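Shared chain: subunit A. Partners: subunit B in the first complex, subunit C in the second.
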Partner chain A sequence: MNEPVTAAQSSIEKTRPVSSWRSRIRAFYHSSEAFKGYTLLSPTMLVMLFSMCVPFAMMVVMSFWSQVGYEFDTDFTLANYSKVTEGAVYTQLLIRSLWISAACTFATVIISYPMAYYVAFHVHRRKMIWIILMTLPFWTSYLLRIFTWKVILGFNGVINSGLIGLGLIDEPLEFLLYNPNAVVLTLTHAWAAFAILPIYVSLEKIDRSLLEAATDLGDGPVARFMRVTLPLSLPGVIAATVLIFVPTVGDYVTPALVGGPDGLMLANLIQAHFGIINNWPGGSALAIMMMAIVGIIAMAYIALTRFAVRNIE
Partner chain B sequence: MKDVSYINRPNRPLFVYAVLFLAFLYVPVLFLPLFSFNDSIYIAFPIENWTLQWYRDMFDNEPMIAALMNSIRVGAVASVLSTFLGVFGAKAVTRYRMPGRDPIVTVIMAPLVIPGIILGVALLILINRVGITPSLYTITLGHVLVCVPFSMATLMTRFEGFDKSMEEASADLGENAWWTFWRVTFPMVFPGLLASVLLCFTISFDEFILAFFLGGTDPTLPLYIWGQLRFPQRLPNVLALGACILVISFIVVFISQWLTHREPDSTRS
Partner chain C sequence: MSSKQTFINIDRVSKHFGDVVAVDDVSIDISAGEFFSLLGPSGCGKTTLLRMLAGFESPTSGEIHIDGKAMSEIPPHQRPTNMVFQNYAIFPHLNVAGNIAYGLRKDKLGKVEQTRRVDEALEMMKLEGYGQRKANELSGGQQQRVALARALIKRPKVLLLDEPLGALDKKLREEMQLELRALQESVGITFIFVTHDQEEALTLSDRVAVMARGDVLQMAAPRQLYNRPVNVEVASFIGQMNFFDAQVVDVQGEKVVLDTQGLGQVKVASNGDLLQKDNRLVVALRPEKLSLSLQREVQDHVVRGELATSAYLGDRSHFFVSLDGYDKPVEVAGQESGLSSDRALERGSEVWLSWAEDSLVLLPAP
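For the complex of A and B:
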């Protein structure tokens, strides 16, 4: 930092007592690194805080209102929440959403781990190209990547027409599309690229000498993996799990396109409350309940895994 | 020293797995371009006749071109705004030691994990209560919110990669903060800025969920595509359009990622 300059400045300004308070503020500003950091950060922080907190606060307030036609009755009521907790449909949709997300998260992490492991430990030249190749699809059109599965799994789709063309089946397989499995498959494909990054980063950070030490002390490849690599990469696995579980619970485009009636998730109902059902307060209550439950699950998961990791160590 | 490089030995089964994994990521997406050359409006094998008709149709499709222009406008504004905000944030958290840095970064990164539908309905309630009509402007606002975390992440990589002493040298030689930024910091982080703008543009260009809730009468391209999916006879047009979007997105994101991940040293001539 340019402390000598600041010190010189303030010593000069000390000779002018008139503006001493001002110079003190300036000296404080220049000397306090944290203060400078906060100043620089404030535009971004304020924009982000404002555009997240204000809408959420309004959503919470609205969830205690009720819908009257196209207007809102602003009298405080808990009716939306009691409706949500009493309705069997809501519970059923919530459980299905959680189950689909959990299955998708599990599948994503399982298939991404070996890929991340390969790039972290076995690729030496052109690592960057591999990382870009792995993550590239994640950045490109979400809608089109979901839609492509409708094309593949459909009644007259790629798989059915291909198998019929090869003479392997006579009738199109109907179990491919419009069910929860199709949603899990599509979500896994859509999020696999995202899971790789945190796992890769945690694997890349592992000190290679620890692996050598494990080998020197007589561990075979499997024992070495279980006792060194896997525990040390768990933070990345945990991060990947949360990064995928939380957003996928709230997905409504995938179930709407490939889920069919049996594959609909809670988010489809939330979306309908803001669309055809036209009950915004009810939708707000549902959204808040969903966030709260997902938040609790994510935090419990993080706490549990941390506890488990500490016990292993 | 039996074999120090045993960890780094080529591993054939894992290599095969990696190739299969990439196939799983890419092959499904390739069906869209493949069937966009199919003469029939049904997506089914075998493809009997090939055609470029669906691509030719695109040029006469005025609603589609209008939606494309909307998406470009929204993407341009959102990517520049979020990169602007990202520069401040990334510079602050990489350059200054301050208490509470990690929670602050977590808050800024929060839109990454908040489900899109939650952000969408919350922002919809905000603009409704404040009395703003949903339009391309509100979509842009939503897109800035989801782009800033990606911009920050991209730029943080870049700011961490360069030598802080360069800025200090500039300050010691008497440049003020503004000129130090323009003459030292800016040229050095320029690849990062470009990467951030390109990435944010693609994210905004492809973003559907927030646009769905915050959009008014003017659709962006993903909203237009969503509207077309209801009509089976329009499917080939969607495929042709989707193929173009995929190819362009892949190229733009590839450039952006390449700028982000290449060695910072290689930028010095």
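For the complex of A and C:
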């Protein structure tokens, strides 16, 4: 009987200083709202720090170096940037990248909106199943999906052999694959779910009595859509646009596989700088320039739409 | 009311949702300029009926005529009705002026005329200077005014109100009731008002239809509804009521003798077919129609009881009195004055309840 008691006593004595230590930490933890926040953020922050910020900083530093054979010349130089801004091929590829990505964003939002609208307003039971079905393309690998499009669009692909089989054409159509259109098509298919979900959420949030109020005040279905549904779903549309535009500008797998020579984008060139061209500083400068331009465009777009929404009345 | 011409004619309208009958063969005539209320507990079909008037639901059978026109083929956005929604449904992306002007788009008014109409509406609703505010910057009462202004600016023939005061606190609600009534009188539009609050319905309306289970139980002016309910359900829904089971034991020419559970034998004037010998029925008596005293002051229409409990309500008190042969205490509303000075009024003390003969309401046994 005696032993456990003394053991417990001794353990209390031992823990006493520790517990006051703990309580001091706890007091500090609870006293600072900001500290609490950083603690909660810390796993993500660590990942961001080591996998994004550090490599990015390295890239920024490297973009002011120059490549000498397999070595870097670490003297500060702006040569990479002046080369990027002066070279016509870079500008051309950048414009093409922006153009393809804008077209893809536009197409994705246009085809996703009706789908999201349908699920939000006309599906009443098992909405979740519809949402899951819409993410179905993501159940297979990205590469596999691109190759599927190659099979569909190719010279001896599904569309061409189908049309030949039907006797509608004599020779395979060549404009289907290896051009910017194929890139837009493939990217649109790949990114549809990223547009459907935010648009769906913003449509789902619209109070149905607002739609009835618009009808009650004399609006037919079209006027009601333009005056209530669309403005109230704009946050979802804006989110979808940014969510698709930013990553597709930098995509290089799709243009490399289905783009052909006319469908190549700036990211392919960046990749080449780190590969066969073997000019890492040049590639870094190119990547940073592209990032800055995309960032400026995205921010300008958000500001513009905010302004438009505010003045919609 | 009956002398006025029928403006809205709800003709044997039913609405089924699958197996659920929300509105069951309802016919109501409402005249122009009337303040008409649909009163009932939730799920009684009152809102469904209102939504059928607005055009958001179409009747399974029956027809609604407004101003002589059948409504079944007319979509909601072309009906001569406007609605004030339960949650007000203020457009969050528009400011107050934008909300109020929303319905004027089709009228193709000039910018000047539109601004004038909006300013007029803001003034009528005492919202001057609020035109540029956003909806989420308004209080509940202000939102309600915006919703009213938005509907009234269309100058509808009928204004439909779906429990518009439900979200307001008591004081504001009473204030808005008075304003609403004054507004209706000044604009002269027919108001159809849905509520589950019987006090609100009685205060506001020219006529009230009491609904339950998709059916109209009684349709009458507030005073008649309160004093002459047609059955136990209406009587218990409108205000407080004591019910006593009764049976006709004797018919004596003009008078009928009832044997009641609690009130003993009472004599009432013989009118109506309820009063055949041996008929079972229910005698109902409002708490304020009973008077309480410590001595037996009258010979007839009086019964002895014992005070069970009392509740002090400020301007009056409610006493609960146990009667012999009656299982739950009878509620009596009394002025606090005359009785509070009596120290003898403790729990268990002997009291006498009396009533006027014509205050008894005879209802069919359920």
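Assume the second predicted complex is superposed on the first by the 275 of 313 C-alpha atoms of A that agree within 3 Å, B and C clash if a C-alpha of one lies under 4 Å from a C-alpha of the other, contacts with A are read in each partner's own complex, and residues count from 1 in each chain.
Methods note: contacts are C-beta pairs under 8 Å (C-beta built on N, C-alpha and C of every residue); 3 or more make two chains touch, one makes a residue touch a chain.
Fair warning: this is a prediction, and the values are worked out from it, not measured in the lab.
**Student:** Look at A:247 in the shared chain and tell me whether it touches subunit B only, subunit C only, both, or neither; answer first, second, both or neither.
**Tutor:** The first partner, subunit B, only.
**Student:** Taking the superposition on A as described, I'd like to know which of subunit B and subunit C A:304 touches: first, second, both or neither.
**Tutor:** neither
**Student:** So which one touches more of the residues on subunit A, subunit B or subunit C?
**Tutor:** In the superposed model, B touches more residues of subunit A.
**Student:** Is A:232 in contact with subunit B, with subunit C, with both, or with neither (first, second, both, neither)?
**Tutor:** second
**Student:** For A:215, using the defined touch cut-off, is the partner it touches subunit B, subunit C, both, or neither? Pick first, second, both or neither.
**Tutor:** It touches subunit B and subunit C both.
**Student:** Considering only the touch criterion stated at the top, classify A:157 as touching first (subunit B), second (subunit C), both, or neither.
**Tutor:** First partner only, subunit B.
**Student:** Share the list of subunit A residues that count as touching for subunit B in one structure and for subunit C in the other.
**Tutor:** Residues common to the subunit A contacts of subunit C and of subunit B are 212, 215, listed in rising order.
**Student:** Within their complex, state which residues of subunit B touch subunit A.
**Tutor:** Within the complex, subunit B contacts subunit A at residues 4, 6-11, 14-15, 17-18, 21-22, 24-26, 28-29, 31-32, 35, 42-46, 85-86, 88-89, 91-93, 95-99, 101, 104, 107-108, 110-119, 121-126, 128-129, 141, 144-145, 148, 152, 168, 171-172, 199, 202-203, 206-209, 213, 222, 225-226, 229, 238, 242, 245-246, 249-250, 253-254, 257-258, 261-262.
**Student:** Of all residues in subunit C, which touch subunit A in the complex?
**Tutor:** 54, 56, 75-78, 81-83, 85-87, 89, 91-95, 98, 102-103, 105-106, 150-151, 154
**Student:** Could you list, by residue number, the parts of subunit A that touch subunit B in their complex?
**Tutor:** Those in contact with subunit B are residues 1-2, 5, 33-34, 36-38, 40-45, 47-49, 51-52, 54-56, 58-59, 62, 111, 114-115, 117-119, 121-122, 124, 128, 130-137, 139-145, 147-149, 151-152, 154, 156-158, 160-162, 165, 189, 192-193, 208, 211-212, 215, 242-243, 246-253, 257, 267, 270-271, 274, 280, 283-284, 287, 290-291, 294.
**Student:** Could you please specify the touching residues of subunit A with respect to subunit C in the complex?
**Tutor:** 207, 209-210, 212-220, 223, 227-228, 231-232, 309, 312-313
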